[in-house]
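Following are the structures in question.
Below, chain A partners chain B and then partners chain C, in two separate complexes.
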Partner chain A sequence: METPILSIDNLTVVYRLQGVWREAIREVSLRVAAAQTYGIVGESGSGKSTLVQAVMGYLSANGAVQQGSIYIEGEDWLRATHRRRQQIWGARLSMVPQDPLSALNPALTIGEQIAELVRRHVRLSRKAAHERAIEMLRRVKLPDPESIARRYPHQISGGQQQRALIAMALASPELRLLVLDEPTTSLDVTTEAAILDLFAELQADHRAATIFVTHNLGVVARMCQRVAVLYAGEVMEDAPTETLYSAALHPYTRLLLRAVPRIGDSTPLQAIAGRIPSLRQRPSGCVFAPRCPIATDLCHAHKPPQERAEEGHLVRCHHWRAVADGSLRVEEASSALRRREMQSAEISFFEQLLSDNQNGAQATVMRAEHVRVRYGARGLLGRLLGKKPPFRAVDDVSMRVPRGKTLGLVGESGSGKTTFARSLIGLVEIESGEAHLLDMPLRGTPRQRAKATLKAMQMIFQHPEESLNPYRTVGQTLRRPLMTLSGMSRVEADRAAAELLRAVNLPADYLSRFPSELSGGEKQRVAIARAFAAQPALILCDEPVSSLDVSVQASILNLLAQLQAQYDVAYLFISHDLAVVGYLADYIAVIYRGQLVERGRAESFFTPPHHPYTEALLASLPLPDPRARVRRIRLPDDQPSGGVPSGCRFHPRCPRYLGEVCRTQAPPWQRDSQGRYYRCHIPPAELAALQAEREG
Partner chain B sequence: MIGYLIRRVLFFGLTLLLTSLLIFAAVRLLPGDVESAVLGRGAEPAARAALREELGLDLPFLAQYANWLSGFLRGDWGNSYALKLPIRPLVMERLGNSLRLALIAMLVAIPPSVLLGLLAGLNEGKPFDTAFSLISLILVGIPEFVMGIILINVVALEWKLLPSSASVPPDASFGEALPRLILPSLTAAAVLLAYIGRLTRVGVIAEMRRTYVRTAVLKGLSWRQVVFKHVLRNALLPTITVIAISLGWLISGLVVIEQVFAYPGLGRLMVFAIQQRDLPLILGGVMIAVTVFALANLVADLLYAALNPRIRLS
Partner chain C sequence: MRADAQLSKGDLILTLRLSLLRRRRALRRLWQDAPLSVLGGIGVIGFLLLALIGPYLTPYNPIANSFADRNQAPSLAHPFGTDNFGRDILSRIIYGGRNIFALTGSATLIAVGLGTVIGLYVGYVGSWLDQIAMRLTDALLALPSLLLTLVLLGALGNSRFTVLLAIVILYVPIVTRVVRSVVLDVKTKAYIEAAEIGGESRFHILFREILPAVLPTLAVEGALRFSYAIFLVASLGFLGLGVARPEPDWGLMVSEARDWYALSPHMLFFPSAAIVALVVCVNLMADGLRRLLEYSETD
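For the complex of A and B:
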């Protein structure tokens, strides 16, 4: 291997927290060569942000490098003066950050933000630097770069902002090392796919060494030649991508791969029990031992050294040899552990719920007919105050949710999926159309609704930290719906709250805890328990796992599936992630700009024909398998300020655009032989043939 | 942007209209009657009735308001009961005096306050910042009249550097008037300085924590470029708004300072008018104060929009 561009040796970074130094990353070593893309995978709390900051030479004020070294092109980066760093930053070392909008200065044009970097590092006139900026914008495939250069960040879409930041990162001709810090995490899946394409394409040009930091195993599989798996600040395993996905040796890596939902696969996900230890509670032995299904006394007592399993494959586990030769089976050990946990949870509260709900059983729990929701109706005063013109977020959506089943509602940001849920629960007004829950009309604000209606429908939100009252203990949170909606006495409610906690696999002593004392996954379990406390017939789940780490996400999905199987509750499960929806749902509906474009049963959902939008969504998913062929369908960016397109709303972005008819006529619902409906001008047989052609 | 401008101006007009109605009603509710104020307490009932008719006080409320409003709009603001003088020139002259004082105070206060606030914000938590926070808090806390009296006692009476009274003869040139204006404007500036400085500091601290600052630093830009080109532009947005609004506040709120320095400003005229129950004078003065205040707000909003591309271009 040629001299690496970046070499990190035995790096330990510490933070000073309340007067004590804590290790955020420990003994990390990496070498990244020119033109190589090195993946760093980790969940939150793994230390990946700290690693990025250390490489950039920009640790926060309370952080320090305790030991180890970082060399960039043979230069001791930790010893570099601030002046020296200013010469390297932007010239030889660049970063693409996570959230593009906040990373751009709102008060400067895109062109100027790139040109100032060019002027700083290359001797160019103002005009030449501006031209270079436009040239870079063209290289990242932004349409009409001259006009983008004149615009401000808020005037372009998220995908375009990220392209602009990539253009900025690559603007220096001497770039050697590129750090990508979760560059696609905040983007929609179709945009993410296009940005990943761009990285892959540009890499051939710039030949800089690249570090790709992400939590997404699918992204790593697609983009990286090597991967280091980071857990609680330590590299657990470090291997070529192919090896890591096919023959991982560390139990954490193996379990993480099993925890990812995959399209078309509904075998139960393997969650990893427990959570990443915080900085304050790092175990003295192996950091993964407390969650590891094969951990022994040795693991709890002694940190395993990093060992070389074979050329280029490093692993930090006492038992890697037993995993390698098959004498220890991580996945089976984990399943056995889970079964024991499940048996210990006796759930009498839910038995009662089951019998209650079966009284007056009927097939459809919720039906919505031609629901429309409009935002921003404005009167004279509103117009004077400059309120935005009205915007129909949900336009003619009809659906039925059957008892005990899950309807997955899939859409990207701005599709209207959350607004639809909010209209059902009464947080926004239904403009026209109607919705019924068990024959009770859903009308008016929650305050105006009958108790029976409130009780029958509950909601689980995306961010549990925002939906739980920080000043109420878990017990108080759970007791409230039990007393107000289910009419229990204080004593009964206390008992039921304890049972609820057990049902969501949390220990009973959590009743007296406050939300701040819980992890993200635990908070979401409490939120689920609270939703079940009212013994609802329908739960609206609004992206309930998208803010959670992969390993935790799996356990929440499993919990939801298990509770549903036992207790016959229906879910309207809203998500942007087709893989997650596919795992849980019985029926799937896809929503685009306020309208459903496809609906059908989940089993047959992943075979053609699809609505072209669904097809693009499916083709955009990064698959956690490095051998997966990349199916390329890329949508042009959605323009943030455009009005609702005429005819078919998808036509400006549609890869299967027919012509005139798509632009002028709203497409009809078509029904294919499997009983699936989609809204498109292309008939099923023809669409299936087109799509099979691409797959084959 | 044009649409925004039109909306703001329309809104400005609406504000003034509603305010005038409110003030007109409020003034009518003041204790004491006009007849006694004009004719003296022992006036004949016939004279009272004649006066009421002459002043239009026998008309219904809305008709009175309409009369007053049309007069006001045509520039006929009526005569002061107490001074027997036309109101408009009187109020305008006082407004000019107040504006002069306010502008000097702002010129004195703004440059150092922005600079000090910026330095304090960039050195958050360090001794300079602590000292700045402490001193500015004390300045904000000291009432204007205490500050004014201290200045009069020390600078005017003890050191005899400047006159203690700020009453300027109407025909004095700016050069002659200036020494008399220094003490009152310093008093006003002290509060303004502390207030704007603290605001700038908070703005700078908040902006320094934004992600785009990291982007700018990691481009390799110099510290000066990061601060002046990236941070200050965003950090000063709220400050600029407050500066514009504070002009309105200075015009209508300098009553205490004008009183202490015997300065013939609008505030002092208003105090006089209220003491005399001089209803037309109160109305005219308040309307002008409100107009200036609303105008300052309008300018602040437009300035903010013009400087903030997120509003300017949406």
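For the complex of A and C:
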């Protein structure tokens, strides 16, 4: 084997927290060769950021390398002087960060920033450097690089910002090691797919060793040849991608793979109980033992050594042999564990609470007709006062949510999906159109609405950190809706709050806790309990799992499904993730630029014909399977804050653009043979044939 | 507020003990980071104690003249010496401190209370009400503080009540702005929206959901306002305003001592030192409060 570009041996990094040194990563060893992409997968708290910082030499002041070594091209990187590091940074070693906007200097144009970087390493005139910058922008496939170079970071879209950063990272001709730190996490799926393509393509060119850090198992499967799974600072398993996805040996890896929702697969997700231990409470035995379904006394007492299961497959588990020969079944042990957990959850009182549900026997819980929502001020006065020009975020959306069912609303950022939900519940004003909830009109702010209307519809918010008041205990938060909306006395409300907690699988002593003492998943459970407290007929779920880790996400999705089955509640489930929506929803609607473009039943949703936008969304999803066939449909980056396109709103990006008609005429709704609707000029039979052809 | 009503007594005591423990730990950390601010807090408490119980400790009447004891330098009998009427300066400082605490303390409390209610309301409700309130505060903030006070004293008469009114008028807009800025940040949080769609009353949202987030900032701002108020009252006293002679007043004592500074400099020194010490202590305490607030945020 050729000498690796990056070799990390036995690296342990510690942080000093309140006077005590804590291990953030422990005994990590990696070797990355030229032109190889090495995936580092981990949830939040796994130590992946620390690893990146150590490799880049960016450890914070309270962090230190306790033992081990990092060599870059045979050079001792930890002992390199600051001067030497400055020679290497940006020349042989570069990085693409997670959040493109905060990594770019808002005061300089894109062209200036890249030219500055070029001139740092190569002696060039200003003009020559500027030309190099434009050339590099062209290399990352930015359309019209001259004009992009003249713009400031906020004037281009997130995808374009990320491309500009990639251009900067690849600026040096002698690049040897590229570190990608969640480079696509903040992007929409269609943009993500295009950026991933770009990475793959460019790598053939620059042949640098690449470290790809992510929490997304789908992205890893697409991009990486080898994967290391990081948990609580230790590498649990390290194997070639194919092996890892087909024959993982570590219980954590196996459970993680079962926790990801997959398109067209509705078997229940396998959540991993518990949470990742914080720096302060790392167990002395195996770090995964507290959450492991097959852990034994040995696991709790002793750290397992890293062992070689076969050539190139490393695993850190006492029981890998038993897992390998099939005598220990991790998945079954985990389901058994979860069943026990469920039984212990007592839900009788809660059930009684909801049994006198007055939802009635109506088939439709909520119907919205031609809803429009507009932001910004109308008229000259508003403009003079510095308000933004008007912008219609939701434009003519109609839908029905059936009783006890889930309608999934899918769209990318800025599509208007959240605005639509907020307009229903009164947090933004409906401009025109009508919405009814169980025959009660949805009009006005929450203050103007009747108690009965408020009671029948509740909401679960996206960020668990912000959805609970940090100054109020869980008990205080939960009893409010019980008292205000359900008219309970204080004593009744307190008892019901305890039952609610139990229904969302949290112990009753959480009532006296403050949100800061809860993990993200636990906060979201409390938020779910609060939404259920008023016994609503409809709950609006605004991306309730998008900010949670994979293993926690699965348990929240399962909880939502279970509560729905028990209490006959309808969900309007908003998400950017088709796989998550596909897992939970009975009906799916796709929204693009404030308009629905497709709607229909979920079972048949993943078979053609699709609206071309849905088709692109599906083709962009990174699948957690390295052998998945990649259907390549890539949309051009969306322009930020452009006006609303005429005709079909999707036509500027549409891969199936027909011509004049798409640009001038709004497309009609078409119905396919399976009873699904989509809005496109291409008739169903033709579209199905086109898309089947693509797939075949 | 902290403990839930349904907690058993044992839980309640445990929660209280935990919060005390946390507070003690925070204080210890503050002592390491900024010992001066802890000393400042102790100083303020010292002044307060002196104002409360000092009159019972000193044997002298602060306004009784005694020509035999005129212009005495500090001694055991008169630690701070006596003034040109033979009055004990220590006693006069103690009584003067009492007056200044009563006046500035009540004025600050009223201003902070009013400013909080107005700031919460206009910040949360927003729209035209907020616009009007902010333009009004702009107008009030444009007035120089001493000038406004002098005009009020001229119009309403030279009394303590007028000074109190002036401080309230001066500080309400400032507190309003500070509170409003916190409210604008908090009101966009999902938990406020959750309370709205939960049918909560405006009173509950303002005082139960939003106010706790404002309190820490308010404590710091209140302490700062307090120190400025002391300064203002001392300045007015120096000009002979807002005081009723022969009631002891620190500013007035400084002003009167000017004529005697060559003969008995202690007359000038002690009241000046009292003003400076109290203002510095209050400012240091405000800094400490700010730090404590940051600790609880980062924890």
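Note that the second predicted complex is superposed on the first by the 686 of 696 C-alpha atoms of A that agree within 3 Å, B and C clash if a C-alpha of one lies under 4 Å from a C-alpha of the other, contacts with A are read in each partner's own complex, and residues count from 1 in each chain.
To be clear about the criterion, a residue touches a chain if its C-beta (ideal position, glycine included) is under 8 Å from a C-beta of that chain, and two chains touch if they have at least 3 such contacts.
Please read all numbers here as calculations on a predicted model, not as lab measurements.
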{"item": "Fit or clash between chain C and chain B when superposed on chain A", "value": "fit"}
{"item": "Chain B versus chain C as contact partner of A:476, first or second or both or neither", "value": "second"}
{"item": "Touching partner for A:95 - first (chain B), second (chain C), both, neither", "value": "first"}
{"item": "Which of chain B and chain C A:435 touches, first, second, both or neither", "value": "neither"}
{"item": "First (chain B), second (chain C), both or neither touched by A:485", "value": "second"}
{"item": "Which superposed partner A:463 touches (first chain B, second chain C, both, neither)", "value": "second"}
{"item": "Centroid geometry (CA): angle chain B/chain A/chain C, rounded to a multiple of 10 degrees", "value": "30"}
{"item": "Chain B versus chain C as contact partner of A:427, first or second or both or neither", "value": "second"}
{"item": "Chain B and chain C, minimum CA distance [Å, superposed model]", "value": "8"}
{"item": "Interface residues of chain A shared between complexes with chain B and chain C", "value": "none"}
{"item": "Touch list for chain C against partner chain A, complex", "value": "2-7, 11, 15, 189-191, 193-200, 202, 204, 208-209, 212-213, 299"}
{"item": "Complex interface listing, chain B residues touching chain A", "value": "3-4, 7, 10-11, 14, 210-212, 214-222, 225, 229-230, 233-234, 307-310, 313-314"}
{"item": "For the chain A and chain C complex, residues of the former touching the latter", "value": "425-427, 445-447, 451, 454-455, 457-459, 461-463, 466-473, 475-477, 480-481, 484-485, 490-491, 494, 511-512, 516, 527, 530, 534"}
{"item": "Interface residues, chain A side, partner chain B - complex", "value": "56, 58, 85-91, 94-95, 97, 99, 102-108, 116-117, 120-121, 152, 154-155, 165, 168, 383-386"}
